[in-house]
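Same chain, two partners: chain A is paired with chain B first, then with chain C.
Let's look at the complex of A and B:
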């Protein structure tokens, strides 16, 4: 049975114009990558959407396949569910996901340099991957009531 | 019998930065979890909030998965609000476990608040069991 797992690559941008290198190893049991979403997750605060804050390029299977070239924007308000873009990349076991993210923000104020205005932020790349797993499900026999408890750690 | 049910799981967040484990069980009368939708009372607590989820022993989302990936605005039609699972996730009394982590926003007046996690349960049969 095919199972889906979501692998998250988080990138921290600390300087204006920074190039952040991506070098990420996917678990070896991932067989295929079939979708992705890349988005700003925290750090930028604006009342308006920003269509472009950076550029993203991602390669799979240790630079053998360049499959993602994308603009990353900023969403001021919660609107649609983030939609995964289709991919169809067979993954070679143990190979790297590589690439880079380039910050391209411009200062909205004409007389303020972007370096003074810039605040650190993070983006995340969600990769939707298939796992070929022949194991049977393990059913839990315990009864779980609908409860919540604060974690100790 | 009805074919759809929206099962709600409430998670109480008392203070900024809380990391709360939750556990529940899906309704036994429904075969499959088709989707999930997370509802929070303010966009301010959404930025950076994360939620891990495990259903029937199957890892669905890691703890670092953003709640924003599971929610949308009020302007979205009800049928399109849910994040839909591509794979078969068995319901029928399955254990649901997870962890919600609050992002430490500035506005303390928001606390305490409840996160509502809705599971969309359906009675479709498993395609591999009944082709």
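Let's look at the complex of A and C:
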């Protein structure tokens, strides 16, 4: 049976138009990512839904594969948690998840600059990954056996 | 000393990208321009003259986004962009400006 683990990348946006860089290392025993959800989690309060608050790009395996380009919106009332969107990314052990989030909010008031109206907020990227089935500590056990053989000589 | 070409070669090797062509690529933008969008699919464009762009300029692509800092000395190295690339200047250009890239077309 495949074991599933969830990994959360939280990004804090503190300025209007900010580019937030993503540099995140996944645990080295993750073998594959098969789903993601990216959403606003705190900071924005509006009575209306906002279809776009920012743009998200995520690359896997230390910039070898660009897999996610997505719009992030704001939901005033969350009635149902969004379903995971499908991914199928074999992971190289210990590599970085990189990318960026760009705040693209516009002021809803025509004569108010977005910088005056802006309030800090956070978004989260939830990654759903499978644990690698390989035996762990292979390297350390091979070192041990070599040492044992050397000791025999 | 920091060498753009060596850095690019190392990046390509680390990311297992095999170049079919490497060349210089320039885009000249006239006075008054405040936004420019172009496409670079299946290729990488390394911006080499970020320091000559107005502070506050936003460069955005499918893979990377960067706002040119006001403290221009903090701009480190060169970065690559791919896909749909959009350049937004904080104000319309007062002088004509050239964007200089090293273009890598991958096999």
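Here is the rule we use: the second predicted complex is superposed on the first by the 131 of 153 C-alpha atoms of A that agree within 3 Å, B and C clash if a C-alpha of one lies under 4 Å from a C-alpha of the other, contacts with A are read in each partner's own complex, and residues count from 1 in each chain.
Everything that follows uses one rule, which is that contacts are C-beta pairs under 8 Å (C-beta built on N, C-alpha and C of every residue); 3 or more make two chains touch, one makes a residue touch a chain.
Small disclaimer: the values here were computed from a predicted structure and weren't measured.
Once chain A of one complex is fitted onto chain A of the other, the partner contacts of A:81 are limited to chain B, with no touch recorded for chain C.
Touched residues of chain A were counted for both chain B and chain C, and B has more of them. In the superposed pair of complexes, A:19 makes contact with chain C only, with no contact to chain B. Of the two partner chains placed around the shared chain by superposition, chain C is the only one that A:63 touches, whereas chain B remains out of contact. Residue ranges on chain B touching chain A, taken from their complex, read 9-12, 14, 18-25, 43, 46-48, 56-59, 61-62, 64-66, 68-73, 75-76, 80-81, 83, 85-88, 90, 94-97, 99, 103, 128. Chain A makes touch with chain C in their complex at residues 17-19, 55, 57, 59, 62-64, 66, 69, 99-100, 102. For chain A in complex with chain B, the touching residues are 1-6, 8, 10, 37, 39, 41-42, 77-82, 124, 126, 128, 137-140, 142-151, 153. Chain contact summary for the complex, chain C toward chain A: residues 14-16, 58, 60, 62-67, 82-83.
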